[in-house]
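For reference, chains read A, B, C and D in written order, and residue numbers begin at 1 within each chain.
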C-alpha cells in the first residue's frame, strides 16, 4: 500500500475524518455523541501519526508509539468521561450539553 | 548604603512594621517615626546633593546605582537623582510626614489605612529615584493602586464612584504610557530602559510624533491636563484628608515630572513641534480651572478646581520649553504641593469640627478657630501669589520665562495665563470672606476644640516649607536650573 | 560714610511684625504697640539721617546702598533685593516713616482696648515694611513684590474688623480691584523685560542708555507705550484713579488711623511714585502714555471733587478728596517734560505728594478723633464740635486751609506749582485744576462748618477731647502742614537731577486763591448755620446731584460686571460645562464600555460548543494568515 | 492499479461514510455502532501498513473497550428507540461551513506540500522490537512514557470509580 498510494491521498482521508469529527462535536447536543465525535478526531490524528511514520521515516517507530499511547489515553479519557456523564445523568436527568450549566454564574 | 535605597526601604519597612502591631497608638507611633526618619534622611539627601554640586560634581545624576533585574529585556533597577528629583523627594517627605499627622484620628481600620498610605508613598519615592523607565512605571502603578483602596474604603460621599473614576482614568493614562514607553524602547533598540541612555538616542521624527502625545497625555492625565482633569474634583472631594493631601500634593506632580523627564526629555523634536497644541490646552486649563472655582461651594471642590488651574500652570511652564519657564514649573510643582497639602489638611481639620464643607453654611471661623484660620489665610495668600510665599516665586518664574519666548503666540498664551492671578484672588478671597470672616455662624461653634498638637505639627511644617521657598528661593531655583540643563539644552540645539 | 545702615529701616518694622504676629494674643498689655512704635521710630530716625547725609552731600546721584540677588530667572533677568537711594526714594522714606510714626503713636490711643490690638500693630508694621521696601526698590520686580505686599497689608487692615460683613466686603473689593490693576502692571513688566532684557531701574531710567528696537507696534502705539500704559494701570489701581477708584471709598471701613496711613498718605500715592520712578522712561519712550496719565489725572480730580461735594460720610468725603488730590499729582506728572523748566510738573507732583501726606494724614487723624468722640461717621449727626474738641478743631482747620491752598499753608505752594505746570502746557488742564481748587475749598469747608459749627446736636454721650497720645501726633502733623510748603523742594527733587529754581507764579496763584476763597465763602454761607439753601441748590441740580451722590453709579456697574457677567455668565456656565459636558463625556466613555462589555458578556455563555466553534475558527484563521504570510 | 490501493480506497470510503453516519445519525445507539465500523476500518489500515500490533490494540481497546463502554453508557442514560432532536439548521450550516473551510485549508496545504521521505534504515515493527522499545530505558526506549501512562490509567480508573459511584444516602440530600 505504501508504494501504491501516495501520502497526499491518505492524508485527505484523515483530514476528512478529523473535520467530520469536528462537525459532530459542534452540532451534537448529546454528550455521548460528542464523545463519539472526539473519538473520531483522535482516530484521525492517530492515523496521521502512523502515516507520517511509515511514509516519511520508515524504520523508526515514533509514530507507532505515539499512536499506542494515544489509544491508551483515549481509553482513560473515555472511562472518566463516561463516569462523569453517568453521574451527571443521575443528578440532572439529562446529558444534554446545553443543560450543563450548574457552574455558570 | 545608598541613601536612595533607604528612601524606598524605610517606608517599606514602616509599612511592614505596622503589620505586626495592633493598637492605634502603636500604629501611628510607628508611622510617625518612620516618616520622621524619612524626612530627616531627605534633608540629609538634600544636604549631600548640594554638597556634591558645590564640590563641582556636575554629573547629570548623582548617587547612581544599578542592579540587574531582568537582563534579557534590559530592565535594571537603576537609581539616581538630579536636582529636580531631590526637590520632589523633599516635597514628598514633607507631605507624607504631615499626612501622617493629619490622619492621626483615623479610627476605622487604621492599620490598613496607614499601610496603604505608606505603600503609596513608597511608590512615589520609587518613581522619583528610578532612572529606568520600566521600574519608574512600576512604581507609578504602585502609587496609583492604593489610592483606589484609600478612597474606596476610607472616603466619604460617593466614594466608590469617585475611587473607580479616579483609578480608571489614571489607568487609562497608564495604558497610553505603556504604549509610549514600549514605543521608545523598541525604537531605540538598545535593549535598555535607562532614561539617560535612551536620551542619547536620536529618535526619528515620525516616531516621535506618534509617541510624544501618548507619553504627554499619559502623564498629563495625572497632572490634571484639560480635558482629562475631571477625576480630580470627584476624587479629592471623596478622599480622606491625608489622601487628598498626598494626591494633590505629590501624586499630581508625578504627571508634571514625567512630562518633563520622560516625554520632553526623550522626544525633544516632537515636543518642539507639538507643544502648541498642549499649550492651548494648558492655557485653557489655567483660566478655566480658576473660573470654575469661583462658583464652587464645597471647600474640597474649590481646592480641586484650583489645583486644576495651578497644575495647568505647571504643564504650561514645561511646554514653553525654555529653562526659566521649566524651572518655574518645577518650583510650581513644589509650591503647589505644599500649598494644596496645607489646604486639604486644614479642610479636613475644619470638617472634623463643623461636619460640613459647604462654605455657605459656615462663617466666622476666625473668631473660634484662630490658629487654623490664620493657617488657611496663609495658604490662601500663597495660592494667590503673595511675595514672600512660595506661590509667587513659582508663578513669576513661569511667567517671566514664558514671556521671554520669541514667538508671539507664546506670549499671548502667557498673558492669558497671567490673567488667572486675578481670578485666583477672587476665589481665595471669596472663601476667606465666607468661611473665616463675618459673624460667627452658630452658637455651637464656640464649643469647637482648639487646634490639637498634631494638627499644629502638620500645618506648621507645611507653612515652614512655603515660607522657606518664598523667602529664599535662590538655592532651590539654582539647584533645579542646573538639572534642567541636559533636558532643555537638547531642545534648543536641535 | 556708607549707607549700609539703611537696611535697618526695612528690617525693624518686619521684626516688629514677626514678634507681634507670632506673639499675637500672648503679649501682655500694650507691649505690642510699643514694640511697633519703637521700631518705626528708629526707622524714622534713620530715614532722617539718610536724608541729611544724602542731601547734605550735594550730589543727587543714585546710590545703591544694598543689593543682593534674590531670584535668578536666566542669565540676564534676575530679581535683586536692594535699596536704591535717590532724591525721591529718600523723600518717600521720610514721608512714610514720619506719617507711620505719627499714626502708630496715635493708634495707641485710638485702638486702646480693642480686640486684636497686637494683630493691628503687626499688620501696621507689615504695611510700613512693605511700603518702605516699595520705595527703595532697585528694580521693577522688587517694586512689584512690595506692591503686592502693600496690597495685602491694606487688605488685612481694611478687613481688620473681620466680623463686620461690610469690612469684609470692602477688603475683598479693594484687593481684587487693585489686583486687577496689578495684572496690568505685571504684564507691563513682562513686556518691558522682554524688550529691554532687564528689570533694573538703573538701566530703565537712563533713556540715553537705551537702544532698544521699539519697532513693534500694536494698535498704532509702540509696544513700549503699551507696556508703560499697563504699568500705569497698576499705578492707577493703587492710586484709585478713575475708573479703578471704586475700592477707595469702601476701604474706609478700616480703622481710621489705617485710612490716614494707607489710604491717604502713603499707599495710594504709590501709583504716583511708580510713574515718577519711571518718569524718564515715560518721557522719552512713551510720551503718548504720559498724555493718558494727564488725562486720567485731570478727569479723576474733577470727578472725585464733584462727588466729594455730595457725600455725608466724613471718611468718604476725605477719601474722595484724596482721589482728587492724587489726580492732581498724576495730572502734574502727565503734563511734565523731562529736564529743566519743562520738568516743573514732575517736581510739583512730588511736592504735592509730600505736602498732601501731612495735611491729609492730619485730616484723617482729626476725623478719627471726631469719630472717637461721637461714634458715628455721618456728618449730619455732628455739629458744634468746636466747643468739645478745641485742639482737634484748630488742627482740622489748619489742614482744611492747607488742602484748600490758602497761603502760607503747605498746599498752596505745591498746588500752585502744579497749576503753573499745567498752565504752561495744557490750558484745559489748567482750567480743570483751578476749578477743582475752588471745589476742594468748598467741600472741605462744607465738612468743616457742618462738623464744628452748624446746629448743635444733642449727643447721648458728651463728646470729649481726645487724649494727648492722639492729639500730639496731630499737632506734629499740623506743624508739618504749615511749614512743609516752605521747603525749597525743587532744589532737591527734579526730573533730571539738576536743581530747579522754585518760584511762585503770582497770576496763577492769585486766581486759584481767589477761587478757593469763594469756595470757602459759599460753604460758610450755606453751612455755618443751618439753612435750606443747600437743599434747594441740590434739588435744582436734580439728576446730576443724585448721580453724584451715588458716586455716578460706578459701584453698581462693577457689581453688574463682576456678579452679573463673570459670576453668572462665565463661571456658572463653566462649572456647569465641566460637570455636565466634560465630566459627562468621561462618564459616557465609562457607560459605553459598560454597555459594550454587557453585550460581549454573551460570548462567555458557558456553552461548550460555542467556545469550541470560536476556538476552531480561530485556529483556521491563524492558519490562513500564516498561509497568506508565506506567499 | 495495485490491489492494495484498491483495498485502501474501499476501506477509506467505508471509514468516511461511517464517520459521517456516526455524527449525523439521530439514533444514538446506531451512532455508536457506526463509530465501531469507522474504528475497525482504521484497524484495517494499520494492518495494511504492517503495524499489526497497533491494529490489534486498536481493535481491542477501541472497538472492544471504548465502544462497549459507550454502548453501556447509552443504555444507562437513554432510551434506545428515542430519536434525538435535530439540531437547528443555522447551527448545522455554520458548522458545516467551518468544517468545509477547515478541510479546504488543510487539503490546500497537504496537496501543495512536497513530502520528502527520509531514507533511514531501521527496525521492523515486530512484536519483540515493540516490547524492547516499550520497556527499554536506553536511547529510543519508552519506559518513562509507558510508566506515566500506567499511572494515568490508574488515576483514571480510580477517578472514574469515584465520580460514577452513587453517593451515600446521608450525603444525598
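The working rule: a contact is a pair of C-beta atoms (placed from the backbone, for glycine too) under 8 Å apart; a residue touches a chain by one contact, two chains touch by 3 or more.
Remember, it's a predicted structure, so these values are computed and weren't measured experimentally.
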Count the smallest number of chain-to-chain hops linking subunit B with subunit D, moving only between touching chains.
2
State, to the nearest whole Å, the distance from the C-alpha centre of subunit A to the C-alpha centre of subunit D.
5
From the mean C-alpha coordinate of subunit A to that of subunit C, what's the distance rounded to whole Å?
96
Intercentroid distance (Cα basis), subunit B paired with subunit A, Å
62
Would you kindly tell me how far, in whole Å, the mean C-alpha position of subunit D lies from that of subunit C?
101
Going through subunit A residue by residue, note those that touch at least 2 other chains and give them in order.
22, 26
Residue numbers in subunit B touching two or more further chains are none
Residues of subunit D that contact two or more other chains, please.
95, 98, 102
Provide the full list of chain pairs in touch.
A-C, A-D, B-C, C-D
Give every residue of subunit C touching subunit A within the complex, in rising order.
606-609, 612-613, 616
Of all residues in subunit B, those that touch subunit C in their complex
165, 168-169, 227-231, 233-234, 288, 291-292, 294-296, 305, 323-324, 327, 364, 366-367, 370, 381, 384-388, 392-393, 396-397, 399-401, 403-404, 411, 414-415, 418-419, 421-422, 425-426, 429-430, 433, 436-440, 473-474, 477-478, 481
Spell out the part of subunit A that touches subunit C in their complex, as residue ranges.
22, 25-26, 97-98, 100-101, 103-104
Interface with subunit D, subunit C side, in the complex: residues 613, 616-617, 619-620, 623-624, 627
Could you pull out which subunit A residues touch subunit D in their complex?
1-5, 7-8, 10-13, 15-24, 26-30, 32-33, 35-37, 39-40, 43, 46-47, 50-51, 54-61, 64-65, 67-69, 71-80, 82-87, 89-90, 95
